[in-house]
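The following block contains the structure, expressed as structure tokens.
In order of appearance the chains are A, B, C and D, and numbering begins at 1 in each one.
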Amino acid sequence: MSDIETGKFSIDELENVQITIGKIVGAIEKKAKEEGVEVGPTPKPGISGLRDWDHKLLSRYQPVYTPVCDQCCYCTFGKCDLGGNKEGACGINMEAHQARETLLRVITGAAAHSAHGRHILHHLIDIYGRDKAIDVGPSNLVAPNTQAVTGIKPETLGDLEEVMDYVEEQINQLLATVHAGQEGAAIDFESKVLHGGMLDHVGMEVSDLAQMSCLGMPKSDTEAPLVEIGMGCIDSKKPVLLVIGHNVSGVTYIMDYIHDHNLDDKIELGGLCCTAIDMTRYKVENGGQPRAKVIGTLAKELKMIRSGVPDVIVVDEQCVRADVLEEAKKLSIPVITTNEKIMYGLPNRSKDSAKDIIEDLSTFKDPGALILDYDTLGEVAPELAIKMSKIREDMGIKALPSDEELQGLSEKCVQCAACEMDCPANLPIMAAMKAGVDKDFSKFEELHDVCIGCGRCDQACPKDIPVLDMIEQASRKIIREEKGLMRAGRGQISDPEIREEGVNLVLGTTPGIIAMVGCSNYPNGTRDLYTVADEMLKRNYIVVMSGCSAMDLGMYKNEDGQTLYEKYPAKFLAGNLINVGSCVSNSHITGTAIKVAAIFAQRNVSGNYEEIADYITNRIGAVGVAWGAYSQKAIAIGSGCNRLGIPVVVGPHGSKYRRALIGKPYDEAAWKVYDARDGSEMPIPSSPEFLLTTAESVEELFPMLAKNCIRPSDNNMGRMIKLTHYMELSQKYLGHMPEDWYKFVRTETDLPLAKREQLLKILEADHGWEIDWKRKKIISGPTMKSDVSAQPTNVKRLCKGEC
Amino acid sequence: MSDIETGKFSIDELENVQITIGKIVGAIEKKAKEEGVEVGPTPKPGISGLRDWDHKLLSRYQPVYTPVCDQCCYCTFGKCDLGGNKEGACGINMEAHQARETLLRVITGAAAHSAHGRHILHHLIDIYGRDKAIDVGPSNLVAPNTQAVTGIKPETLGDLEEVMDYVEEQINQLLATVHAGQEGAAIDFESKVLHGGMLDHVGMEVSDLAQMSCLGMPKSDTEAPLVEIGMGCIDSKKPVLLVIGHNVSGVTYIMDYIHDHNLDDKIELGGLCCTAIDMTRYKVENGGQPRAKVIGTLAKELKMIRSGVPDVIVVDEQCVRADVLEEAKKLSIPVITTNEKIMYGLPNRSKDSAKDIIEDLSTFKDPGALILDYDTLGEVAPELAIKMSKIREDMGIKALPSDEELQGLSEKCVQCAACEMDCPANLPIMAAMKAGVDKDFSKFEELHDVCIGCGRCDQACPKDIPVLDMIEQASRKIIREEKGLMRAGRGQISDPEIREEGVNLVLGTTPGIIAMVGCSNYPNGTRDLYTVADEMLKRNYIVVMSGCSAMDLGMYKNEDGQTLYEKYPAKFLAGNLINVGSCVSNSHITGTAIKVAAIFAQRNVSGNYEEIADYITNRIGAVGVAWGAYSQKAIAIGSGCNRLGIPVVVGPHGSKYRRALIGKPYDEAAWKVYDARDGSEMPIPSSPEFLLTTAESVEELFPMLAKNCIRPSDNNMGRMIKLTHYMELSQKYLGHMPEDWYKFVRTETDLPLAKREQLLKILEADHGWEIDWKRKKIISGPTMKSDVSAQPTNVKRLCKGEC
Amino acid sequence: MVDTTKNTLIYTTSGRKVAKPVNPNVAGKMISKAKRPLLVVGAELLKDEKLIEKAITIAKKGIPVAATGHSITALVDKDIDVKYINIHSLGTFLGDKNWTGLDGQGSYDTVIFLGHKKYYLDQVLSGIKNFTDLKALAIERHFMQNATLSFGNLKPEVHLEALDELIENL
Amino acid sequence: MVDTTKNTLIYTTSGRKVAKPVNPNVAGKMISKAKRPLLVVGAELLKDEKLIEKAITIAKKGIPVAATGHSITALVDKDIDVKYINIHSLGTFLGDKNWTGLDGQGSYDTVIFLGHKKYYLDQVLSGIKNFTDLKALAIERHFMQNATLSFGNLKPEVHLEALDELIENL
């Protein structure tokens, strides 16, 4: 294919050539027909394509707006204060504007992922050609999100381009609606939010499929290798090359150069953020060993730079602190930008020789360079690191203050509270300063894990005290010991795994999937992740990790010195711990749910999003947790889960996303579905209770997780298991039985066997249920029947007898 | 083409077919080569493609940031107060964030235009097929923006799809950079702003080329018909069908239905905003007469609805007030939404029969309907209007308060100033209320023209006084007389016109092009537009209008009862008044500049953006004026002009765009270019002095316009003419000679003949220039030489001897 | 008497409508006058034993308590009317005329907040401020700009004193 | 004495840093003490003959004037040191250490604003507030939140009185 000339030409000049033409109306349907695939009603849906489904979800899960700002400053009619739901100069009210604000966040996130995908796709097609086959492991359904949304079953890199075209077109349509004078109704902005979220998962999927297919990454590999992680695992005596970002395109050239030039042992290559994850996935399939170390998340960026350890910093895109160049400059660390999204105003050296660039940067002629030629990059970055290591050592670069200086700095503090006010978590910095005056720096040490390393304290301090440096210096011992192991991202769940585990999920005997995704903006430090994962794994939930959460989980060890990655196996089975991979690998989590519907339940998947989402909503007990969600990508990922009916809990900072989707358990009318067997209405439990909400602490989170894994399709065994965990977790972490446990009981067999009698008594005494004590059976009380053959659906057309 | 099946197939089954394949690497270059077109260095540039050019512009025209808000609320690390250029939690500082804010506005605008373009392109391809030829009049260079940017010379609708793919991909890349943790440098956000602006013009061009080619719109027609305009031209006794928005796709079906069913005389079809302009362009080529009336701009929307006159409202997309449905409901006016961008939460009736929809809406079962099927829409809208007209008359719908009520309402006012505080223009509403107590409503009448009809006063009033209704009622006489004539949008400037006028522009003997574009957020009412256009036309400038400004200009008449459209001819010649068309027709304004470079100066255009922009920057005296700029589209349009070196002045509200690009005339080093003949540096006049700035009043604007049309390429006659206007306008409107006039004098022949001696005296006395009084020649003084054969360029590589 | 109205410094502005600073005696009387008050305590309470005591004391004056986060762990078996609820849900339900409260006795008119994360409560209050008519009273250690009435920014010890004074006025 | 510090209501908030309300006598003294003051008058001045007078009176005290918009039409030939400049340019140049002022005598330290559109000046002042160290004094009829010091919102007649008092203190 790739040698076909472009332009207009007559066919008879060509022979035996296959030509793929997209974009013809009905193209997807026709292609699918040829392949014997049935295409559902909505291939490549436009904004209104799945609106009915959205409105169904939104009638149960109503948008809750908590503005971060009462004002709108989008256009120059304003700025308008919309306080009290007033209308602005364009007529928009607060609700619609907040929905629009959410939409803007979501499409920003979706754009970040899909622009990353487009970049890496261009790059990989340049190298491998359009015909390079997609290979992601032992699956037939390789692109569940893509196929469910677009109806396209991609087989080659080239096929992914059409998918990207669709995603970009739709994101552009959505961005257009952010303009003044477009959508006026909050509910339709919300539908657009869900559309944007769905697109995000397609964009992520394209990104990961492309890189997995070409870069030797693990392909549904349950034995993906363990990778060193933590600031403490970096050997600062060697030249240190630090890479920050999300897009591994350029970094692979650096890794190849290092490997090909036998520099593996001579350079420390460490990564921050998702680039780090993907570096450790590079060429590790079939037993390859990781060629890089993971330092950590965004929260470690400033700390790592401020440590003065890196000799060269390479950044690509996304979640890269905007002050990298400024901070690096202070410590004589050259910065190389490698992606058009981040260029820092640096001179474009893409056409220059590696030698010239190394010369200029090592003599500080420029503080950094933009290098878009990856061959040049591959050579410059490591060679420069080796050179700079010596130069910087000779210069005697001093980074953090000494202990003596710590005391002096503490004394400068006037206890004005500016730092605590500006600290996103309002951490007790003043107390640490107070103790620091007496040379007690333990309180700074305590701040280290809960601090997200944003540096606002430094900015706020009227006395110019470098608060973050003080925390880091005081914590140097902890930091040195910050080393753990993370399982390299394994990629998607394979079809065979789904076939094995699908039934347990749908019936509830595997109590649920807890997907812990996203960023590092935790309310109470990183350790909470470990606590949550360990508890749920012990309880046989499947725990799926990705991105920054996957990294942070690897930093903690149990009493035996084991990380959870070592303790739990990595298959798609109850009680297993899976790291799917980097941020874009989040698509495999939704992909898993789609696969259960498609493979286990044999639902048609192509262009059949609504039916798939409906299936997932009613049958798959999965809850997403983005405990440290900070970014627009996180809310985009969450919104994509939401359109599939998968609920997501974010940490308290997530309240600043401005809107949640919360159901009202007390509104009985909202908790009904159709039974697809006859179209009759049936009551369902109020679970999931929300599609997006926040929790205050992990203690609160635990019972929320268990409860919101309950689904109408649970069989008695499944419901019993889920209910047991709900009650136990509530008692363990909240110190009491949950108020509403009885609402999930359909029959006595839903009750945990050991406590059955005791619970039946409560049902009788407190809730007035009738019990047949002889047979220990419930006679009346439950609002729901237990009927495993019922087919719950929210979609009328899917009922028997409907067209 | 359109009957080719999709999918994979072998060629030998097909004969005599032309297949166009895009997306092959190097495709554009190869296609161009076949067509004998040379492709420049940057076809389809990515974000970094024209960065060097941007940095050149930005080193002279520095970003000036005036934040609307000191805070950033993009992600949940924040919200962060960046006051005093502090860094936020992600490390971004105020400057970079403000540049990012500007970028977000620009790409929102570009998305609005290109999403509109994509929609109408899909729609027209559905009807006319991909092979439908692009026909926009007697031009070979049909798509100057598209060709300069992408290198593609589109010939059919199908060709435009690839252009849209490019635009969407790039906008998505730019939107990605708005995400937390992307670009960190203000200068590179600024380069992205310019990239977004450039893309906007491509998106607009695609939109207009597509619709002009298919919908019988005027094609470079200098005799485009005159169209009735104004609230006063609507006959409220007939059923009134009101259309609001920008995208004429659905409206044409309504127009056809009305025409085909002989309802032309039975229904008043009026439009608001750019849909109105494009309605009057529909099927008027070759002498067709306009089938709709133009009511006016966004500023008239609320007033028109509140008048109670419309019987049905149809909205499409963009610049549609968000409260249309709420406002219409109060007056029993059904609303039909017709585009996915605006759906107002209304039920989707696209698959229902016209009869059923009409029944439900006329019985108020629903307040409106979403109709995406345009055949149904075409029938429902007019038939419903006819039906509703009777029903609403029978109901005795009362809209505005009576005069008696006006007095009572005035008495309710407690003079608390809330309305004036929230009024975007801080209009003196309290004084009107005070006078109203004494039945003097003249002050309300005075407010009418300066009021932009946003309704913030109503929202602000603690006494719930309907201020806007009072203004409208008090102004009903003026409103009844609000009728004028606008020349229907003529589309682009044709190649032959460029050939005729190009030389005059480049040498300056036509003093300049004043392009008055955009929205209706005027600081001092609509009349100012008339004043500016008339003055500049009298002075032989070419005045080009578009969008809302084009409409507002048609509302005023001179003492002879003539509008300017009647007074001045509409060719591309000095002293002519041109309306290019609707918002998307703004691309023809930049297109004109590109055409001068390509056709008059024979510069290669395909993928050769930098050279074209460089040519325009140094040679074409054009200034854009977006006097009422309010929208994200306006700043996008402006930024697209800026990348071509065309300066834009916005009204004072435009300061809320947060950033301007202003040069420093006192910084001599900034005003130098190369002479392409030998690469030597030469000083140039400090004009344009800015790329984007604001002016306070039209009086201030006049001399700014004249001065900023000065270019290095002016010959002596041209410079003399421009300088004369600058001095005269400064004296007329600012009451004094400008301080800096002498800086533009290179030789005595640059001076106006009539005043030459007087000016030479000033040069000698005040500025110390040496004058040879015998020959009346300047001996020394000027910093610049007059050398018409000099070839000013900002781009070193374009100089002789450079590669 | 503790003056809790002085330091009303905020982290970022949100809009024109800002909480009125209130003194503890006024706050106490306001609670007393409320027809259906609800004390909402958050998990930050658990960080200070003394704060827990104050919350219990207030509750014992007959004010029902919504315990958010895991704050209920310190409040069960204390002979007070307390129920767990997620604060984001609570914020929503409070604005719903159809919600009959934690005890089914009908909607609340005055909601008092104590022991919450500042940035989190700020958001919950933002929803209440913009979309309900409820009186929201923040008796936190920090000035909560989105409340109807709020204490200013206080030192921990002054905060406890202020709560005592408030309790005296119940 | 006119109290110009009372009504500081604003249209929308912008950030934490807000102008300090100032009384005319203090404002007057501040101008007197300035090393290089500049009075910047805008075209709104032209709507009130009396305001023009006040501006001229201030200028006659030896304070150079930058006339923005078309305000210069009322100020030429009045024997004062006045030059036209666009206010957006002025706002930029004021922050540039290399700018030598309208008269080439060097940069200014105190800039006084009178007769401007509120929303427009608000933006210009925002740039000055965030990116320069200049003292910006707004003696407008409206409270200008982005100035360093500003009169509050005043009635027109009180505004004139306040200007008189300011002039007395020059």
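By our rule, contacts are C-beta pairs under 8 Å (C-beta built on N, C-alpha and C of every residue); 3 or more make two chains touch, one makes a residue touch a chain.
Nothing here was measured: the structure is a model prediction, and the numbers come from that model.
**Q** Just to confirm, which listed pair, B-C, A-D or B-D, duplicates the contacts seen in A-C for more than half of them?
**A** It is B-D that reproduces the contact pattern of A-C.
**Q** Which pair, B-C or B-D, has more C-beta contacts?
**A** B-D
**Q** How many Å are there between the centre of chain A and the centre of chain B, using C-alpha atoms for each centre?
**A** Computed value for the inter-centroid distance: 40 Å.
**Q** If you average the CA atoms of chain B and of chain C, how many Å lie between those two points?
**A** So the centre of chain B lies 51 Å away from the centre of chain C.
**Q** Rounded to a whole Å, what is the gap between the Cα centroids of chain C and chain D?
**A** Roughly 44 Å separates the two chain centres.
**Q** Could you please state the distance in Å, as a whole number, between where the Cα atoms of chain B are centred and where those of chain D are centred?
**A** 34
**Q** Can you list the residues of chain A that touch 2 or more other chains?
**A** 68-69, 71, 73, 78-81, 422, 424, 653, 656
**Q** Among all residues of chain C, which ones touch two or more of the remaining chains?
**A** Residue numbers touching two or more other chains: 9, 11-16.
**Q** Note which residues of chain A are touching chain B in the complex, please.
**A** For chain A paired with chain B, touching residues are 2, 4-12, 14-28, 30-31, 34, 46-48, 51-52, 68-69, 71, 73-81, 86-93, 96, 105, 107-109, 111-112, 114-116, 118-119, 126, 161, 164-165, 167-169, 171-173, 175-188, 191, 298, 302, 317-327, 340-345, 348, 370, 372, 422, 424, 452, 454-456, 459-460, 521, 629-633, 653-654, 656-657.
**Q** Under the touch definition given earlier, write down the residues of chain C that touch chain A in their complex.
**A** For this pair, the touching residues of chain C are 9, 11, 13-17, 42-43, 68-70, 72-73, 76, 83-84, 86-89, 91-93, 96, 98-100, 116-120, 123-124, 126-127, 129-131, 142, 153.
**Q** Residues of chain A touching chain C in their complex?
**A** 62, 64-71, 81-85, 94-95, 417, 421-422, 424-426, 523, 652-653, 655-656, 658, 660, 662, 664, 666-667, 689-690, 693-697, 699-700, 704, 733-736, 738-739
**Q** Mind pulling up the chain B residues that touch chain C in the complex?
**A** For this pair, the touching residues of chain B are 71, 73, 78-81.
**Q** Under the stated contact criterion, what part of chain D meets chain C in this complex?
**A** Result: residues 9-16 of chain D touch chain C.
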